[in-house]
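Input: structures, listed below.
One chain, chain A, appears in both complexes that follow, with chain B as partner in the first and chain C in the second.
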Partner chain A sequence: MRRTFVQSLALYATVVFTLAMILFPVYWLLVTALSTTDELYRLPPTFWPTDPQWDIFARVWAAKPILLWLWNSMLAAIGSVALSMLVSVSAGYALSRYSMRGGATMGMFVLTAKMLPATLLVIPLFSIFSSFGLIGSLWTLVLAHSTMIIPFATWMLKGYFDTIPKELEQAAMVDGCSPVGAMVRVVLPIATPGLAATALYAFVLSWSDYAYARTFLVNSPDNWTANLGITTMQGEYVTYWNDISAASVFIALPIIAIYLFLERYLVGGLTAGAEK
Partner chain B sequence: MTDTVQAGRRKFFDLARPSRQHLLGYILIAPAVLMVAAIIIWPLVLAIDLSFQQVKIPRLGGASRPFSVSNYTWLFSSEEFWLACWVTLKLVVVVTAGSVAVGLSTALLANNRFKGRTIARLGMALPWAVPEIIAVVIFAWMFDTSFGLFGWLAIQLGFTGQMIPWVSSSTAAFWAVAITMVWKGFPFVSIMCLAGLQSIPSDYYAAAKVDGANVWQRFRWITMPLLMPVLGVTLVLTLLWVFRDFSIIKVLTGGGPLRSTQTLSIMTYDQAFQYHNFGRAAAVGVLTLVICIVASLLMLGRRSKSIY
Partner chain C sequence: MANISIRNVSKSYGALNVLRPFSLEIENGEFVVLVGPSGCGKSTMLKILAGLEPASEGQIIIGDREVTDLAPGDRDIAMVFQNYALYPHLTVRQNIGFGLKMRGTDKTEIDRRVDDAARILEVTPYLDRKPKDLSGGQRQRVALGRAIVRQPQAFLMDEPLSNLDAKLRVHMRAEIGALHKRIGVTTVYVTHDQVEAMTMADRVVIMQGGIIQQIAAPDELFNNPANLFVAGFIGSPGMNFLNADLRDGRLTAFGQQLTLPRATSHQGPVVVGLRPEHLTLGEGSVTFGVRPTLVESLGSEKYVYFGAEEARIADGEEGKSKGLIARVSHSGNLPRDQELRLGFDPGQLYLFDAKTGERL
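And then the complex of A and B:
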């Protein structure tokens, strides 16, 4: 399909304009971080600071336990992803390969679990965790995030296993492999991209949580996750917007980096369910 | 004799035997079922149970209160609940419509062939990768009452004479939440629609062109019908996201001013963790879940299977 010069120009102009509109808030976060307080509290707003305060990042890093917050988010995410993948991989494989009674019910259940509001589940979980003395511990997040991850991961992995021909395992079993061996040595290596996509998506899901962290960890600052820590920088009367913006950059970076470099996997995970 | 017994015993553990294959299936699925029972089903049953008790702060293993529907009667007679329903409905309609409009148009744009398309596609869906709380930080500052960019822009463009009180005006707060949610929500629609668009064979368009169909006709009679299944699922998933979202509203407005941004989700949470009415909170939560299930079943109908 050949475009005329004018058509090409219009297309590129539209693309650039759309990108600018969409990315402007991210740009504004940077500008806010780099502006001096004087420039922030002035109208018209400063669109690029005259003297960018690059040292704000070092100052905020020193003033707030950002590394600790990131570390806690990381622990909660790795814990919940590991726990969920462990049970979801074998469950997804079973649902894909064995016709079981209740398979359809499982499907309906996954659907319902997807609709379960975190604000509802957090209520009984709070009672359960407090009676086990877990409130304030990162384990609460490992378990709570698993409630979000297991249903979707199981179904996503079932979808991936469905795309791998059964004949591969049958061939392995004819050659003397046990059914478990066929799964571990033949199917799982082939499904690695699918496993990676699921785990990545689950990681992002866990990293984005705020409701559970706020409820279970608010009184134990040592275990604050990144999202919870950021909101505590929002003052009741005064918010230092350049500080909070600089801290936000640190906290947004890991997920944005994952997105930019591993977008193919993430998007594969997102769209897996919808195209059937 | 012993040989046959041994052979039989060996066979019992032989999972490769066709009649034992189902056993392996059940063994593989058991850990997931147990986990789900422990961290989803049991809490859900507890929550439903709580919603039928007049209880402030529940203790696990404590004597449960007598069965009562008072939480539900309180809900249905309270203005707060109906207001929350109305706010939720408004927000769901506005944000879903906004996300689909922006998401679909960016997807159509990125589906063109041009240089730098990969980077443009990444950029257009970037807000998806910005954590909700960070998006709130960005927009909270842009919607600042005294020095926010949006207020200043509104004055420059002549919409208003003075800065807009985003925090104290009900209408302004609602739109602040809605705009933030659209920015965070449209990339998902865009990603899904783009995947859907790319699965449409280009032969269809070529054939339509030969038959003399113009751009609009190709969009109306090829793109839309073929995109509908993906769009339907995306619509429902976006709707469910708005319905259940907590962090954006909670951190941006806290549900205020005067409960004008208090959705059912926020009401559930605040009843439990601000007013310590766990019973009432559970009742709101259970109703939210019921509404979510009914709404998505109605919207998807027989296609509901494709959602998972």
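And then the complex of A and C:
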């Protein structure tokens, strides 16, 4: 059906408006980083600095251990993703493929854990980590983030595995695979888009955490993550928002890079051709 | 190639018996078709044979090995699935060679055998394509290729043609038949389509409610059905059934007293079966008048639907709600609501016990 001019106009206006809503914070982050302090407080605000401070990135990079913070965030996120995916893939596959007594209830119970706010778990987790002598270690973040990620990731993956025909595994087993072999050789390669989406979700969740890092790592500056590090740039009397914004740009870059890397795996339709 | 022995295999889920003790001896190289309506247990039996479902009881022997508790991959069988089950992330070549790779076959040997299978099934030009780039018929050929390349002891096929359109189904039916003749591997084929069963099988196993109703060659099934279910299932259109009374060798049906050519000691109510093609237009040994409720034309022949007082047994059964059917050769116009004379030979009647449904 051909669109009329008015319909096309409405469609493009909606797209532009939505994009503007999504991209405005990113744009404003960049404008804040490049503006001088005086310009930041000027009214009415300027939408592009008269004299962009491009050297701010080099200054902030030199003044703060950004690389160390990024490295710690990366370690915590990769650890959380690895642990969560290991557990969630197995649990999601089991919930999807095997019927067991109380399986459905168990599945719902897993999801209930996701419904608890993260702050509710801070105190019990602190107590547990403290008794194991882990406070100050990045392992606290790996474990704490996994408790947030696993419930939802398990259900995300279960939903994805449900869409993969069981006959593919049965065919693989007739062809000589063990049940685990059929999962590894046939199901997981087909589930790549689901795995990529879940891994991205897990990575972003871990990368954006502040509450757990603030609670478990505050006294260990060598293990500060990027989000925790940035908050230490807030002064008691004066806050240089342009410095904080510049540091925030550095922190956003890895997420964009990860997204671009995983994008090729996020395409659907990999099971096309398996069945009629 | 091997013979298959299924001995008292049953399957139950708690109190639900989906397969009653099932025994079948399949000869080396034989093509056996399991046929029956949905939920009759035919696919369950095939999955048990493949090792994809455990049997609750019984024994399965393929060749001279008991395989009842072996994993599917250790049974030396190949299976073709209803929905093809091709690995979508692999090319046609990798799909066909997957089973050989899993068994540690040398790569040169895999390539040779894949090329051979592809040539037999005429899929050589598509070896480097992914399944999504193939048509339904080509996908089905690749699924067959995956089965034959391993040179297994037996093929198991689970409704492999039911996803194809009618024309392609007829074509593939012939191809599978020709393939079986060429390589001669023992084949167990599951379908709900009695035409597939009749045209492909050396022997047909008819099932209903998890119970074998009859095991026989296609012609034997058609000519000598063991019970009402088999008689009604085999044949298209299905056999007509009428309630009747049998006294001293005389049958009351179509408002007439008929003398049966065969002697039977049975007395009392019976179900009479009469195949639609055994009814002819015009006079016969027994003739009666009908007023058609519907006439369907297939060109050279017509299906004439009509009601009969005795045809109460058919009520509620699928396809029978229109009453009785006569399949007559006639290329002209047969008007509805105008009385027709139909005839039949009493020697072609089938009699069934009204209580047990068994053939008399």
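Everything below uses one rule, namely that the second predicted complex is superposed on the first by the 224 of 276 C-alpha atoms of A that agree within 3 Å, B and C clash if a C-alpha of one lies under 4 Å from a C-alpha of the other, contacts with A are read in each partner's own complex, and residues count from 1 in each chain.
Following the convention adopted for this analysis, contacts are C-beta pairs under 8 Å (C-beta built on N, C-alpha and C of every residue); 3 or more make two chains touch, one makes a residue touch a chain.
Note that the structure is predicted; figures quoted are calculated from it, not measured.
Of the two partner chains placed by the overlay, neither chain B nor chain C lies in contact with A:38.
Look at A:123: by the touch rule set out above, it reaches chain B but stays clear of chain C. Touched residues of chain A, counted separately for chain B and chain C, are more numerous for B. Of the two partner chains, chain B and chain C are each touched by A:178. Legend: residue contacts after superposition of the two complexes on their common chain; A:51 is shown touching neither chain B nor chain C. Overlap of the chain B and chain C interfaces on chain A: residues 173, 178, 270-271, 273-276. Of all residues in chain A, only 165, 167-168, 170-178, 181, 186, 189-190, 269-276 touch chain C in the complex they form.
Looking at the complex, you find that chain A touches chain B at residues 1, 8, 11-12, 14-15, 18-19, 22-23, 25-26, 28-29, 32, 40-45, 83, 86-88, 90-91, 93-95, 97-98, 100, 107, 109-128, 130-131, 143-144, 146-147, 150-152, 154-155, 173, 178-180, 204, 207-208, 210-211, 214-215, 226-227, 230-231, 234, 241, 244-245, 248, 251-252, 255-256, 258-260, 263, 267, 270-271, 273-276. Only residues 47, 50-52, 71-73, 77-79, 81-89, 98-99, 102-103, 130-134, 136, 139, 146, 150, 163 of chain C touch chain A when the two sit together in their complex.
Those residues of chain B lying in contact with chain A across their complex are 15-16, 21-22, 24-26, 28-29, 31-33, 35-36, 39-40, 42-44, 46-47, 50, 58-61, 106, 109, 112-114, 116, 120, 122-124, 126-135, 137-142, 144, 146-147, 149, 152, 156, 183, 188, 191-192, 195-196, 199, 229-230, 233-234, 240, 243-244, 246-247, 250-251, 265-266, 268-269, 272-273, 278, 281-282, 285-286, 288-289, 292-293, 296, 304-308.
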